[in-house]
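One structure is given below, represented as structure tokens, and several questions about it will come after.
Labels run A, B and C following the written order; every chain starts at residue 1.
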Amino acid sequence: MFWIHKYGFTNLSYKALYSFQSLKLFILFRIVDPFMNYLFYATLVSAMIGSDYLSFVVIGNIASYTCHTIMINFMTMFRFERRYGTLELNIASPSPTLWIIIRKAIVPLFDGMFVFTVGLLIGWLIFDIPLPLDQIGNILVLFIVTLFSVLAFSLLFACLSLLFANVNLFLNLALAVFQVFCGVNFSVTLLPNSLEFIARMLPLTHSIEALRSIYGIESYSVYPLLGKELIIGICYLLVSLVFATMMEKVARKNGALLKSV
Amino acid sequence: MLNLFVQEIKYFTNFHNKMYQFLLFFQPLVFLTIVYFLQQIRGDVNTDRFVVASALISMWSYVLYSSGSALVSLRWSDTLKLVIAAPTSLFQVIISKAFSNSMIALITMVLSFVYARFIFGFSITISNYFWFFSSVIVLIISLCVVGIILAIVFAVFQNVFDFQNLILTPIILMCGVFIPVEQLPNVIQFVSYGIPMTWGIKAVYEAIEVNEMMYTTMIISLGISFIYLLLAAFVIRKMEMVLRRHGKLGAM
Amino acid sequence: MENVIEVKDLTRVYKLKEGNKLALDHISFDVKRGEVFGLLGPNGAGKTTTIKILTTLLLPTEGDVKVLGYDVVSESQKIRNQINFVYGGERGVYGRLTGKEYLYYFCTLYKVKRKEQPALIDKLLDLVSLKEAENQKIHTFSKGMIQRLHIARCLINEPKILFLDEPTIGLDPVGARLLRDLVRELSEQGITVILTTHYMQEADDLCDRIAFIRDGKISIIGEPSHIKESCNHLNLYEAILSTEHLEKLKADQTFKNVEEEVLKGSFVHIKFEMKISSEDEATSYLEQFGQVLKLSKREISLEDAYIYLMEDVG
């Protein structure tokens, strides 16, 4: 594959900008930390409403943690670019800005893939949620669709980070909103109608329902949900396309590219 | 000493820090929302425990991030030398930082209760306010001691500081925030009872339901906090000597 | 010769919380193909703003700016292909990469064909004498090495114009010299170079033409010799005298821009500027402070011109 090339863009982006470069860090932050996070919510629900509900919450949190990983690390790359003063060097190159942003996303995508896979394994081995092996194909499709919609949504933030030196507060707020409104810990049908309407416009909501359905915890049909997720992703991607051009223009206008952290 | 504490609150509490804003004001809101919808799934949930849990989670995360980096950040800004050269002992400086951080953590506790009552309509039944406040003071003291220990550990072992995030959730789980420590596996119980906060948290929960055990728990909590405090004082004095000899923390 | 840069009435306003700041105030200038063009001026005069606008990273508030015939506002992509820039200091590198990896990264960004990359990178590393350090991580590089790496980076797309913003800042004399030699070499190859610097000697050595910028305006523009000539009315002296009253001399308003160097005991070497134009009269005025051993007029350097022209800035 073209991106695994030793001097390829992706590999170099990873080496230059990614926080997790040793096996120890990877085990701690990609296996232990997510596990603790699943355990946290699993304990909360067990204490509150009993352990029947445990698999529902763990599955939701696996999807949500994957999304966290992708978004946070994607944004961190841009923060580092600014700290190193390399953001403007990238933007000033003849490669289109959106192309650069998208190619940089490949690294957190791989990371997300890993977290997702490990998450399902943790669910199986530790929380005793059997992997529906006969539905591996569906899981794979779900996986690709979800990564796409999460990435499309993250692009919005990446574009914002051209303009603002520190988008972390927005990002944290967005992630908190995801945690509450995407049906991670409870079904979005419990939300008041207006909030459910908003929740259904966010990425992840339909994916989580689909994933639970694959696991037989909920009983929706999987493909219509994934179709919706895909459409949502496409919408965010289109908005990002416009946004990237716009943000670059605004950033050039007010000199935001040149600010460091 | 009091003076130092007041200045600490005035000058060093960085409410503009986006992460602190998030931890202090927003995190309880997120957590309580989750609790609110979860309790709808089963009607008969006693939400008191989870309102307090919300407060405890935010308090603990604030102490972890603020006190934890108290010494490390002094080193970053290169003011550590100045602090050591000053006539006030390093111990006093650290203790006032840790204490002021624990007091600020109290804000988020109050906030959790306010959110719970007025936004989510949870009723919290506190039968005896005197004992409840006493238990909160005990909790604050234990948080303060934990803050001091974190500050020292992070300053001495730089590589542990990188793993700050990793101890956030395990401590919440181990200290009996959701599930009483007695119900945890034996091995974990053993560790839990060695953490001062476990006792502080236990005291708060017991004080809410005016459990007879609360007096004992409070006394144990204060006792353990005191032992840790002595230990911290001893380590800090040692640290100060090493620092003077080598001129930097890296020497340890 | 044709103009590769044309700036007409360029104005740039920064919107700040404290109100608007006028960074560039209707400046105009042209740069010809193959020239080394210097932008000099105190900090905050608008040099870097000018460079950022020319390199398409910042938009002008008003005015017409054309680089290689393309408009910086609407045709930035076409410009980016043909220019490159370096700014001083240690920023703009990925510390965790090696020098070689860093160049590969930018080769991809600048769309150099994969097959051509190794040869190009070898050639560039050779040119900036970093061949031996190519596999070292950049965070171990010295300032001079980082600057040279930047030069290598900015040559990746064979630019027609190079922008160098204070490239020698913080370099040791050897490093600065290496860099100056490089700039000269590039200029000989026909690359147009726009340079900002605080070192007047450097500007004098390298630049074909210079613009002095102060408070967002160009105060003078021309060849270094022309700029020096414009200050011919200045009477600059250097003298050796034996004096016990150096402080009194320095306090005397007749002398301007006094620089002194104590040689030995009461002997001092001083440089100064004064209104008196004849050497004899100057000698006799100076004698009231001590015994004048030697006095002569001195040639105007670019630095003298700079100090004169920027006199009441900051």
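The rule is short, and it goes like this: a residue touches a chain if its C-beta (ideal position, glycine included) is under 8 Å from a C-beta of that chain, and two chains touch if they have at least 3 such contacts.
Just so it is clear, the structure is predicted and the values come from calculations on it, not from any experiment.
When every chain is represented by the mean of its C-alpha atoms, the one lying closest to the mean of all protein C-alpha atoms is A. With respect to chain B, maximal separation of chain centres occurs for C (centres as means of Cα atoms).
A separation of 46 Å divides the Cα centre of chain A from that of chain C. Annotation: 31 Å between the Cα-based centres of chain A and chain B.
With centres taken as mean Cα positions, chain C sits 54 Å from chain B. By the touch criterion stated above, chain B contacts chain A in their complex at residues 18-19, 21-22, 26-27, 30, 33-35, 37-42, 45, 49-50, 53, 163, 165-166, 169-170, 172-173, 178-179. Remark: chain A residues 5, 7-9, 12-13, 15-17, 21, 84-86, 88-96, 100, 249, 252-255, 257-258, 260 touch chain C in the complex. Residues 28-29, 32-33, 36-37, 39-40, 43-50, 53, 166, 168-169, 172-173, 176, 179-180, 185-186, 190-191 of chain A are the ones touching chain B in the complex.
By the touch criterion given at the top, residues 14-15, 52, 55-59, 76-77, 80-81, 84-85, 91-97, 100-101, 104-106, 108-111, 114, 117, 153, 157 of chain C touch chain A in their complex.
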